[in-house]
């Protein structure tokens, strides 16, 4: 597969990334990428072509599992609140149930401590409220 | 549900935790818990009754998703190699495919950087080899 | 002791946790727990019965030392500002002198770097000012 | 050299630190130090005499490289936004080009993940805008 | 006090630091400092004169509390196993009871997650065994 | 530039990455990449084409500054010892003087604490000894 992907043109990676970004993050992720284009246009492009075109769009794992993994990691790290908000919304976008997202966050109390879980729950509440979701 | 769980006796939490620990981690997790009983028996008990009895055994999320979340978090944190090995094996135990586990780790390159992903892949190789798994 | 605690009913853990939470964090911790009950009631219950009922209320270490340990850890981690504020107030509640709290934070410059210490001092100033404390 | 520095009087360390702090951070760092003097005057003094007097003013590495190193570390850590802003401005003060600062931040996507790089770019934008810099 | 310490000669800081280092870490800390003198003699000197001469030897907090704070922080950080071993021994040296040290580590399960606590308990076991201590 | 890079074929990224990887890390980085090809061939390819082909080979910052930034970040993070060793050697490969590398590590005591600096100095000693370098 490495060989195949090496054959892909940059344009294909970009198109695949844009589609993946839109399907996972909706308008939010696209807005983040746009906002970076003033002083870091290549970071914006890497998010599209590498993060989403190469990684997040890979077929070997379903999108729900990918978002559970991302929510878990960003909750545990505790250093990426804006990105966690984007991916909590992204989890909803790809079909994760709100109660499942809460489960992933609660599980992080075991592995990264209660402050990490509490802070992520507070971000989840914001995201759920913006969508009119009650758990 | 909070009320219900408050009614559960400690003995029920302990039994539920032991069963969950065994089903996820096999003998490895049990051995870790046993090893703690010399100087930290209550930490051992909390792993059983809280981490597994209260958290990991909850019905609201399937075990495969729970293990993807744990592998993602421990890969991203980069401070818990022994626990990551236990949970890489645990992911296999609950039916995660080796290729899916690799996907979760690869995805962490995006969120926590390449060193985190590389170090976790090297632990996954050890776990796969111990099981005779080739990806 | 593990055996003893296994005998304890959930109701006892809950009551002991509520008392410990109130004595350490005053109304602040209780308010945090209440705020979690909308989307994560079991996280709220775990804070009461596990974090405070099982751990923080243990007799083997005095409350002042427990709060020094918590302030040190949250200062060093740098990812838990809201919880650090709660536990800076909690340190005052259990009899830590403001000057001792400052000492713990200053010591973290050695182990976790100056940014960690500076950010924690700025949170301590907020907590002290809310209490009308001058150091 | 250790012997030599041991001979230096505290007053020399303090003076050298003040000069280094001023040359790197301009008025911003001095203001941070002043703000600490109410409850942590010795932390303020350590920043002057140790961080700047002993470390940042050492002759063995040029100031541009020192600021690239600081920006890289604080970007990767993700727990020190206020200090990262001070040192992004400091990087400009010692002659780092805005485009070079952006390069250091972008490089951190590889080593610490995209969220770390994105958050730092957003702080860099604030610093550049305050200076009227366009990249 | 900032003024007073500024008057202290470097020689006084060095002597005070050596005494503090010896009283807290015994021969172990001194050996670490010695080992650094080949390629980083000034780091060795800073550990003596700043970390121990300026910070750890301050009178405003008792040595037991200082060691509880250090053990808590290094346990929570999870990135400093060699230093945690030195300070677990240091805690014993200044009169912390083994059972109290275990309490501090257990408490970190709440704030930094179970892997952090488990890894620190395993280091504590090594230190206790080297001293012939049973808990 | 974003547009230009999007035009580049995957083959060009791969070739540019291989050249950059070889010039920075010598045989060591290439060996790491080879070792990943059994279970994570695409991670290996991303290191070549993204980390080195897209990022590390960019013209806007000199290689010495890039390695100072990487050494600073990995020292501060404290979770990537194998990668730090590779990049300490890489720093030497691109012309950083051993004494300058030591300076970058020492500076991290200020921003990430003394344990981070001490652990990195110990890795630097290993790398220097393998090269027969004395500082």
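Details
Letters A, B, C, D, E and F name the chains as they come in the text, with residue numbers starting at 1 for each one.
The rule is short, and it goes like this: a contact is a pair of C-beta atoms (placed from the backbone, for glycine too) under 8 Å apart; a residue touches a chain by one contact, two chains touch by 3 or more.
Just so it is clear, the structure is predicted and the values come from calculations on it, not from any experiment.
By the document's definition of touch, common neighbours of chain A and chain D comprise B, C, E, F. Listed here as common contacts of chain B and chain D: A, C, E, F. One copy, chain A, sits rotated relative to the other, chain E; on C-alpha atoms the angle is 180 degrees to the nearest 5. Averaging Cα atoms per chain gives one point for each, and the point farthest from that of chain A is the centre of E. When the contact pairs of A-D are set against those of A-B, B-D or C-D, over half line up by residue number only for C-D. Set side by side, D-F and C-D show the greater C-beta contact count at D-F. For this pair, chain C with chain E, the centres built from the Cα atoms lie 22 Å apart. Measuring from the averaged C-alpha position of chain D to that of chain E gives a distance of 27 Å. Chain F has its Cα centroid 31 Å from the Cα centroid of chain E. In chain E, 42, 46, 50-51, 55, 58, 74, 76-77, 79-80, 83, 102, 106, 108-116 are the positions where the chain touches two or more neighbouring chains simultaneously. Touching chain F in their complex are the following residues of chain A: 1-2, 5-11, 13-14, 37, 41-42, 44-46, 49-50, 54-55, 58.
The touching residues of chain E, counted against chain B in their complex, run 77-79, 98, 102, 105-106, 109, 113-119, 121, 124-125, 128, 135.
Residues of chain A touching chain B in their complex: 50-51, 55-56, 58, 60-61, 64-66, 68-77, 80, 83, 99-100, 102-104, 106-112. Of all residues in chain B, only 32, 36, 38-40, 42-43, 46-47, 51, 74, 77, 79-80, 82-83 touch chain E in the complex they form. Residues 76, 108-116 of chain D are the ones that touch chain B when the two sit in their complex.
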